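Naming follows writing order (A, B, C and D), and every chain is counted from residue 1.
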Amino acid sequence: MTSSPTPPPVRGYTASKDQLLARLRRVEGQVRGVERMVDDDRYCIDVLTQISAIQAALDKVALGLLDGHARHCMREGAEAGRAEEMADEMMGAVGRLMRRS
Amino acid sequence: MTSSPTPPPVRGYTASKDQLLARLRRVEGQVRGVERMVDDDRYCIDVLTQISAIQAALDKVALGLLDGHARHCMREGAEAGRAEEMADEMMGAVGRLMRRS
Amino acid sequence: MTSSPTPPPVRGYTASKDQLLARLRRVEGQVRGVERMVDDDRYCIDVLTQISAIQAALDKVALGLLDGHARHCMREGAEAGRAEEMADEMMGAVGRLMRRS
Amino acid sequence: MTSSPTPPPVRGYTASKDQLLARLRRVEGQVRGVERMVDDDRYCIDVLTQISAIQAALDKVALGLLDGHARHCMREGAEAGRAEEMADEMMGAVGRLMRRS
């Protein structure tokens, strides 16, 4: 379905790689912020509020990656006869995210 | 209920502050690892597995902080006549952690 | 600390027992609605939306019960010298709710 | 790709419809069990343990439905030129399940 020369395989999240990296750097900064809060003996409830914000930010990154998988990897996988394998992998990832394990 | 001189207020998580900081530094390293994975165009499902691991680690940190709140802050709050306020704060934190918001 | 005759032990959620039962009956009805949807071969995404609504409703019931535990059981437990045990039980419950296991 | 006469459209979860219904009936019974526990003033922590079990059972039902969507609906949608729409719907469902809203 593609003409030669074959383009390099497109990762599911390539389109927004810079966005993803920017979000992850922000998460890294948030984690460092929580370290400072703990180091300064800040009130535990305030620290927990920050941790919830980090979890929400990581959920967004994860949903962005899953979205790329559902749109790109699964389509390419289907064309390559690997649709079942792709669906298995995605369901495994969703299950781990829901159970956080 | 305590005699003067008043001891410095004990943060709920003081007992294991070093443990908490060690865990948070490990989380920070895990986030940097995910940034490298994204930068290297690693397969999205593998990146998602790492993100689930980070979220599980943050859940443990959060449970440790909540535990400190339940044991220390709530008792001190009760002695200071602020039991309701302490319970309110804790329930708010639990709700945010469950809904990840 | 209380004078005789001893009042019957107050369950953490007694105050809003009727509310809790009303919510649970609504959840039961929602589950039956999902059964009908599946039986009628309704579109899977619509069924999933209903399941998310049920889970949100159960989260609210759980938060209401935890709230009662934090306010009533923990106080009574503290007066009975069982504060640690009460905190252990609550943290176990929070952990199970967060991990959904 | 299919020969006529066209088979009736296969719902994503048809293959295991009986299993799904059996699981949902079990969930319904678990909810009724929790109603009885509340009615009998059972200890709130024990009620919470049951609610966590129901949430875990509903997670399994939801993962089963998502799995069907990923395997059947998305493939059929792709063949019908509706791959983007299918992926949108699935990501919406995953987001609601993760945030339980």
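By our rule, contacts are C-beta pairs under 8 Å (C-beta built on N, C-alpha and C of every residue); 3 or more make two chains touch, one makes a residue touch a chain.
Treat the numbers as computed from the prediction; the structure is a model and nothing was measured.
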| item | value |
| --- | --- |
| Chain at maximum distance from chain B, centres defined as averaged CA atoms | D |
| Pair of chains joined by more contacts [C-beta pairs], B-C or C-D | C-D |
| Inter-chain centre distance, chain B versus chain C - centres from mean C-alpha coordinates, in Å | 23 |
| Inter-chain centre distance, chain C versus chain D - centres from mean C-alpha coordinates, in Å | 22 |
| Multi-partner residues of chain B (each touching 2 or more other chains) | 59, 62, 66, 90, 97-101 |
| Interfacial residue positions of chain D with respect to chain B in the complex | 98-101 |
| Residues of chain A that touch chain D when the two form their complex | 59, 62-63, 66-67, 70-71, 74-75, 78, 83-84, 87, 90-91, 94-95, 97-99 |
| Contact footprint of chain C on chain D as seen in their complex | 11-14, 17, 20-21, 24-25, 27-28, 31-32, 34-35, 38-39, 41-45, 47-49, 51-52, 54-56, 58-59, 61-62, 65-66, 68-69, 73, 89-90, 92-93, 96-97, 100-101 |
